[in-house]
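Two complexes come next, and they have one chain in common, chain A, joined by chain B in the first and chain C in the second.
For the complex of A and B:
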């Protein structure tokens, strides 16, 4: 390696290390605060946790109904994930078949991707109220239970399955539903993974929709719990940051374990239909 | 098996198409929770255009927020160029930069509130230690600093996503173009501006569209960090719409704002589509 190439390489790594530090610092700062046992407002703040212990994490359990928020979030996300897997896969299967009005349906779906969720909140609230689904798990999950991007992800995967396999299955007397569950879905595991990742992330992180349709504290999800805790306590207690760490840690661990499929999936869902 | 489509279509009808139409209807009505709605013609629109200063502030802030996405894209392009190619450890850097993107935005907002805090925040501490400022700045309570501060937090969160989108573009540039340029003795900046940027135009377009959508949807971050304040210094259209609808119970006026915002979104998406050469409608 020439001297110049070597300098360039070192420079590149130096720049990237600086970027990495900038990206990681906010995480560290919150973790440090969550672990700090003493007054978090002491100035100057220390760069390492002072008398580190887990007191704040225990405190969270007493200050807010953490298990309840967690359970609500898990139930809503499971509903959303199940809905996406079932509804998207059958819808995508129907779209791979020829039928009258197929083009019209495709155009309708593509134009729906142009409507951001934020532009629908007021009527969506009124509709949900008429359905009697305010403060209900189904009401929280319903708008997220089928997503257009995910339908197209399934459709692309199904179209990649050789036609001859489906013909063979039909000759063997398999019904439409069995073709989907026994032939197409087992051959589309990356699409299934993408659907699970996207549906989970979107419903787990969703804030605006639960904020609008849940007034009952017992039905609130984790993001609402965080916002509520913040409005009660302002920034006065380290427990808030322990709460943040508890909310983020599981997601970060799952992400680090499956990061390549996560990044692929999230990029595929870029336009978030 | 067309009936397989029914449940999904029903959801989209109920939560996409019907709301869109209902917004338009509401915008021509006087609506209140207790009375039946009555028609008021263009009243809501004229209020928006002539009698409401906040809406212009919110629009302006939204446009600034949108413009700031370009900064994120440029930084992300720099990082993407650095981690592209066979650099050792590139995947580690990629994961670190991407890490903040899939996180719950409410948590991100709380993290950044704390970073900006006057006493416990790292940013004030470092600035004071370096002697840049004497007294701590209350970033999120200051009319001048609040919007840029939320923009920094937003950029931090979406940077990794832009990076991945641009990396996908960079990896599709055929290497022989660079070899040919090198043989011809083209300098590095010429390779960047004449080969790389034109070749990754589709990725840049995707970033632009996502940036536009992001700035219309950046509710969570702003609501938790500043709730639009101080005054209306960080008010975005979406936070203003939420407040009008669900704090003031003015569904009619909020629907009017939504219609205006949606029209603006369509115009901007169309403009981006034209700027990308008109071939960007190719989804999938």
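For the complex of A and C:
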């Protein structure tokens, strides 16, 4: 390696480290405040945690119905993930097949991604109410049980599978559903991981929809619990940030578990011929 | 083999590890959550104070309310046996004198806890 190349490599890594530090500093600050109880506006701030402890997490667990919120969020997120895997894979497989009006359907789906959820929230509420799913887990998960972005992730993954494999499966007598479950899905694990991660995180962090359709405090999810906790506390002490860490942790865990497949899933189909 | 690859996958190992940790913690909690709070009361010279009143306050973010009280024995020892809070304060009172309130943060509700340092009743200033 020449001296110039070595210098460029060091500079590039120094820049990446600086960007990584800038990205991670807010997370570090939240964690530090959760562990110490130091007021976030304290000046001068301490860079390292002073007398760290975990009691703020204990306070959060007991002072609000945290286990209930956690269970609600887990149930809703699992429903959303299951719905995404089933509905998106079926829709994506249909979109890889030739049929009349396929292009129009694709254009319609793509154009729908431009419409923000806030614009459709009233019809979504009315439909959910008509289905009798207000204040229910299924109603909480319903809008995120199929997302267009995830349909296209599955579609890209399915299109990357050689057509000859599907033809061979058809010659062997497999039906469409069997081709999907026995041929396409086993070859699309990155797309599955991407669907799981995105559906879980979107559902886990969802605030507006649960706020609108839950009436019973026992049906509230963690983001709503966080807002409720903030209204109780109205300050910037460690317990609030401990709550934030406890809300963030499951999403981060799911992402870290599926990280490598998630990255492959996002780029699947990008280089196919 | 699909079962073997599933069992060695992080999607199986991590949830199972978490489940084991949670289960172990819950077993530990159930074995140590009898609500026992014990300690001693001494005066400024370090002598045990008999018949002092010890008050247990249950404390949360915004309030602290007296939950119960007890008396020390001849050795200055006291004991509460039905605390159900995770965040308490203790104060000893003997006549016109009292100790500072001591805040005790527990890892879980009703955790058994023995004070390592006694409550010290100070002379009124």
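Worth a mention:
The rule is simple: the second predicted complex is superposed on the first by the 203 of 273 C-alpha atoms of A that agree within 3 Å, B and C clash if a C-alpha of one lies under 4 Å from a C-alpha of the other, contacts with A are read in each partner's own complex, and residues count from 1 in each chain.
We adopt the following convention: a contact is a pair of C-beta atoms (placed from the backbone, for glycine too) under 8 Å apart; a residue touches a chain by one contact, two chains touch by 3 or more.
If you're wondering where the values come from, they're calculated on a predicted model, not measured in any experiment.
Touch criterion not met for A:173: it reaches neither chain B nor chain C. More residues of chain A are touched by B (comparison of chain B with chain C). Using the contact criterion defined above for the overlaid structures, shared-chain residue A:67 touches neither chain B nor chain C, since it reaches no partner. When both complexes are overlaid on chain A, the residue A:232 reaches chain C alone and has no touch with chain B.
Contacts of A:205 after superposition on the shared chain: chain B is touched, whereas chain C is not. When the two structures are aligned on the shared chain, A:58 is found in touch with chain C, with no touch to chain B.
Of the two partner chains placed around the shared chain by superposition, chain C is the only one that A:253 touches, whereas chain B remains out of contact.
Touched by chain B in one complex and by chain C in the other is not one residue of chain A. Residues of chain B that touch chain A in their complex: 1-5, 7-9, 11-12, 14-20, 22-23, 26, 79, 82-83, 87, 89, 93-107, 110-115, 117, 119-122, 125, 129, 156, 159-161, 164-165, 168, 206, 209-210, 213, 216-217, 219-220, 223-224, 238, 241-242, 245-246, 251, 254-255, 258, 261-262, 265-266, 269, 283-284.
Contact residues on chain A toward chain B in their complex (touch as defined above): 9, 12-13, 15-16, 19-20, 23-27, 29-30, 33, 40-45, 87-88, 90-91, 93-95, 97, 99, 101, 105, 108-110, 112-127, 142-143, 145-146, 148, 151-152, 156, 176, 201, 204-205, 207-208, 212, 222-223, 226-227, 230, 235, 240-241, 244, 247-248, 251-252, 255-256, 259, 262-263, 266-267, 270-272.
Residue ranges of chain A in contact with chain C, taken from their complex: 53, 55, 58-59, 62-63, 232-233, 239, 253, 257-258. Residues of chain C touching chain A in their complex: 10-11, 14, 60-61, 86-87, 105-109.
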